[in-house]
Amino acid sequence: MSGSDLVFYILALMTLCFGVLTVTSRQIFRAAVYLLFCLLGVAGIYFWLNYQFLAAVQIVVYAGGIVVLILFSIFLTQQSGEKLPVPAVSRKFFSALAAFCALALVLVSVFRFSFAESGKRSALVSMSQIGEKMLSPGEGGYALPFEVISVLLLAALIGCIVIAIKTKPDAR
Amino acid sequence: MIYTVLVLLIVLFPLAGFLFPALWGRSLFKKSAGPLTVVLMTFSFLLSAYFAYLYFFEFGYQQGAYRRFLFPDIPWLEFSGALAIRMGAYIDAVSVMMLLTVTFVSLMVHVYSLWYMKHQERYAAYFAYLSLFTFSMLGLVLSSNIFQMYFFWELVGVSSFLLIGFYYQKPAAAAAAKKAFIVTRFADVGFFIGILILSFSAGSMDFETILHKLTTPGSDALNTAAAQTFLGISALSWGAALVFMGAAGKSALFPLHIWLPDAMEGPTPVSALIHAATMVVAGVFLIARLFPLYAITVPGVQEFIAWVSAVTALMAALIACVQTDIKRILAFSTMSQIGLMMLSLGVAKYEAGPVPGYTASLFHLFTHALFKSLLFLCAGIMIHFVHNNSIWKMGGLRKYLPLTHLFFLAGCLAISGIPPFSGFFSKEEILLAAYRNYFPLYVLVLITSAVTAFYMFRMYFRTFWFYNLKGPTEKETEIEVPALIPLVLLAIGAVLGGFIPFGNFVTSDGHRMPFHFDVRFSLLPVILNLAGIFVAMWFYKTKNKRSDIVQEKAWKLYLLLSEKFYVDHLYEFITRKVIFQVIGRSAAWFDKNIVDGMVNLSGEATQYVSAAFRKLQSGKVQLYALYFLLAILALALITILK
Amino acid sequence: MTEPGLYHILTLSALLFCTGMYGFFTRRNLITLLMSVELMLNSVNLNLVAFDRYVWPEKTEGLFFSLFIIAVAAAEAALAIAIIIHLYRTHKSIDVQEAEELKY
Amino acid sequence: MSLLLILIIPILTAGAVLLCKTDEQVKWTALAGSLAQLGVSVALYFLFVRERAITGQESLILFEERYPLLSDAGIFLHVGADGITVGMILLTSFVLAAGVLASWNIVYRVKEFFLLLLLLALGAFGFFISQNLFLLFFFLELSVIPKFLLISIWGSGKKEYSANKLALMLMGGSALILTGILLLYFNGGRTFEIHSLSRVVFSDRLQQVVFALLFVGFGVFTALFPFHTWVPDGHSSAPTAGSMFLAGISMKLGGFGCLKIAMYLLPEGALYFSHIIIVLSVIGILYGALATMMQKDLKYINAYSSVSHVAFSLLGMGMLTQTAITGAVMQMISHGVMTALFFAVIGMVYERTHTRMIQEMSGLMKTMPFIATVFFISGLCSLGLPGFSGFVSEMTVLTGSWEKDSVFHRTVTIAAAASLVVTAVYILRATTKIMMGPPQLPGENAVTDANTKERSAAILLTAGIVWIGLFPAWLTALIKPDVQQIMKRIAGL
């Protein structure tokens, strides 16, 4: 087992463990921190796969953006020290069963299907390439999705403001 | 051409008399409706008199017989093939005679009403209805097409409804009007189906064609029609019988007579019109119109008609003996007399040359129109005078109403068949026809005639003699001059009408029929009638208890008669208990609960199902996710396992 | 243990996905639900990247899809948190079991 | 003249109504529009007669216009008129004008009310002139929604229930119709054009299936027994003009569809189901009449009597003879005008007495002679008195039915004729009860007679029934060639 392999397994284990902790921890603040680590693990896997840009984005947007957002919202909505309720056993059991079924189904279908792996290693995609592709309207370019995403982000921005805006007490 | 215009005008004057007061009766013609319609009716009558003169003496009699003419003949509604409703005027001796009778009696009633209905509410409407009634009847008698006759037949029905229910605020009047309409309507459905059978058999709706095709022995139409049977009776017999059902409804023959006594709720002049010239004689006219069909093709039905009419005549006469309402007595007498007319048509055997029974029937129709309207108009004066219909409230009226007394007596003598009054001659003819063809019916007619004399004079003596009514406190005039004119004219007709050589004008085939008179034959009926009168005199001329004693002794019979043989009760039971309560109510129940229930059930079923589904829509996000997952799993499984 | 390859990453991604799913079903707090969703999104991204890396290395679709998903996820997270905060204001709770009405 | 004018006028009027500021303006605009429509319809009749005389060919769809909407899917804006259509258009514009006049006293949401009324009329007009099944279905649906709203907003009594019931049952009928139309579309060469579909030879089996679908679907609209239960509730809850439209026009949409779509396109189906139609319609006739006898609410009386009368036209169709079908069309038109009149009068009575229960009224003749007279006239028309339209049409149906000389057909004809007595019973029962008798006045307005607007509405409709009743020949001449066309298709089998 090479070092690279070991790194992968460690990353995978870390991702999974923190993932499980995220969904089981009874303290919401901790859950958020576990999520952060989980996401970092995923970023690590990206690094391991040689997708540095993606990994960077993962860290910046997820770890830096979303998790911080989540933490803020926890601060805004949660009384400190309050523990999350324990879900009922039956609920846990059936959820686990459902998750297991889904897992089994996915794994069965994944392993029944043999993917035509190409032996080639992908060429390292440089940031400038990504930038060009992102803005190129021609063949293999992503200008349209890019624009769509920007509109979406704008819409989300406005939506957030509209939804979260404080209504005056007399307006209700 | 000139004849067409004449006929049209005769019919259109009464129509105008309806339309003007009906449309502007509460504004323009509020006061003048009566005189206006009288003037229009006068025109109509004068024109029909002129037309009758022209027909009988100028153009009608050709080559030894009265001919038939069709003046205007316009297609009105075409069905298919030759079947069509055509609006035409069928001119023959009968219809001309009817034209004259109807317009004359109607004019008399109009004039009389000027006095009788003075200061009444809805004065204009009254005259409008009277004119409508006359118009409908004129249209009916002129009909050249059996469907056209049905058209006017129904109009006559509705006019009678309007007039009987004229005092609409009286519940009894409203009920009577409704009853008259519904009973005749019931009969009319039979008439309608009869029309369909006859006209489809003949391939035409014109009287001319129907009579021609269905009375020529061996014709195709007759053979095919005779081949079709239903319940062992040929289709043609059914058709003829159903047409007779319609006639029976209008002419108040047993068992469809129940509307007639109640129809007395209308104003008295209206009763005069209904009984004398319009509604009730329509049935007789219809059967007379189709007489060859009955006499040649379906003699079985004709015999049936004779028996039904005989039963009606006798029954009505018997009931009349115990009635107390002066108008009801007259109503039952009408029923009885109409029965006699119909009987005469029923017993008349078809033979080459003029049929005496046929002429007798129409002759009686004619004389009856005169004396019955006279009697009703007199009754109107009496009621007007004592303000009551009951003969128990009258008595000794001869002092107060001397003129009316004379007229009424003339009418009673005429209807009782005492020579030389008009009724004697026409009844004589009927008796003769019955004597020749059906002896049992002859006996029945004799009895009826004697009973008629009895109850008419019972009424006469009870109202004009018996005891002296206490004089009215205020001095009331008996009658005004305008109203006297119709009484005088009708009285002249009732007294002298019998001397018209009717057989010279109206016969079954247009050929003139000599008038014959045999004293030996007339002796028996006259004696019987006089006996009836004397019995009535014995009971009622002076104040006595004789009638009460008889009534107590034979109370069962009395009850049976005064309850009109319980026919009304039977009808009441059938309509109210059976049709309304059982059939109607169950239909309504079925609709409300079963049919509507099915609809509501389907609605509720939908609600149940959606309620079940609504539970799924709990608003719980996680449940939705679970459904989502399950669905994905199911889909994936299907794809994988496929 | 063999050399990690496509199947390893797919397995990892499936496990991560099911973990997220488990969390989605068991949790009641809306924020934790959101976290579970993020887990699932990440597993999807992993998948895409893995296919991009092992099956079609000469193409870049996987990469770009991941990028876009991250962008969408960011937007979604922002919106979700806005909704959560609004819900908290109106209901004083962000328990998903209590937020059943479609109104408000 | 373009036939599209028939559609344009209601649309323009609706637009003008939208722009109006006051209620008074709305009413006058609607009245002007409906009168213009009436004028155009009458003009259409004369033009149609002239055109038909010029072309010489008797049965022809005239004034055809065809514009592609979605021509790939066989959907065209294709309009045209034959004699039956012209009759129906005349009927609809009569009822529209009278309906507007009769709704003069509406006070709540006037603009919306007249807008919906015009929309309903538009749906009916469009339905009658459509020569494309898709278009036809579109207009049919267009007429359902306003009914729902008219009842649920301006109605009375248990209006929500009635409105829901009506809308759901009619929608159910529409679903069947749509299925039938789609079956025709896919089996008839992907076209919705009636003309093209009429040339396709469908298999017998398909014809039977589609005929059943279409006939039942349209039958719901025209209150075919046992799908009639929306009628009493719908009518009783609807506002006056709503009832007038519902009974006067909506029910005729169904009859028209049964005849011109189901029977015309699928003659084999008509032949196959003839007996069933006859039995159902005779049940409808008698049963509707008997159920009417027991009703106490004036609107229920007229609603059930409508079930009975409309079944007459279904009977005529089922009989499959030239005369009977002619009678069926006449009955549709006649009943449309008559029942609109009846409902208008009932509305007038209700407005004054605030009750529709016959036992609570008496002697209205004294205080409102005009209304009483019109009530009586419409009653007489209903019971088939000569001189009014009901007589002509019912007699034509019955005479046409008699042409079939099997025991079955004769028996049902006699049964149907027997209903004339029952009709007389319930009409006279209601009339004598409320118009005659000692005056008794519920409601403080009971002393006023009809006003000018109400009088105009009543006179307009009365003129219609009297005109048809006295001079039926023009109507038979108008519709006969088209009926012949249908008969030819049926006889051609």
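For reference, chains read A, B, C and D in written order, and residue numbers begin at 1 within each chain.
Note that contacts are C-beta pairs under 8 Å (C-beta built on N, C-alpha and C of every residue); 3 or more make two chains touch, one makes a residue touch a chain.
What you see is a predicted model; the values in this text were computed from it and never measured.
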Open item on the list: Strictly by the touch rule at the top, which chains does subunit C share as contacts with subunit D?
Closed with: B
- [ ] Sort the other chains by how far their Cα centres are from that of subunit B and give me the top one.
- [x] A
- [ ] Mind checking the centre-to-centre distance between subunit B and subunit D? Centres are C-alpha means, answer in whole Å.
- [x] 36
Open item on the list: For subunit A versus subunit D, what separation do you get between their C-alpha means, in angstrom?
Closed with: 65
Task: subunit B-subunit C separation of Cα centroids, rounded to whole Å - done: 94
- [ ] Report the inter-chain centroid distance for subunit A and subunit B in whole angstrom, where each centroid is the mean of the CA atoms.
- [x] 99
Task: Residues within subunit B bordering two or more other chains - done: 626, 629
Task: Multi-partner residues of subunit A (each touching 2 or more other chains) - done: 98, 102
Open item on the list: If we count contacts the way the header does, which residues on subunit B are in touch with subunit C in the complex?
Closed with: 618-622, 625-626, 629
TODO: Can you check the complex and tell me which residues of subunit A touch subunit B?
DONE: 98, 101-102, 105, 108-109, 112
- [ ] Under the touch definition given earlier, write down the residues of subunit C that touch subunit B in their complex.
- [x] 21, 24-25, 33, 96-97, 99-102
- [ ] Give every residue of subunit B touching subunit A within the complex, in rising order.
- [x] 626, 629-630, 632-633, 636-637, 640
Open item on the list: Give the list of subunit C residues in touch with subunit A in this complex.
Closed with: 1, 3-12, 14-23, 25-29, 31-32, 34-36, 38-39, 42, 45-46, 49-58, 60, 63-64, 66-68, 70-79, 81-86, 88-89, 94
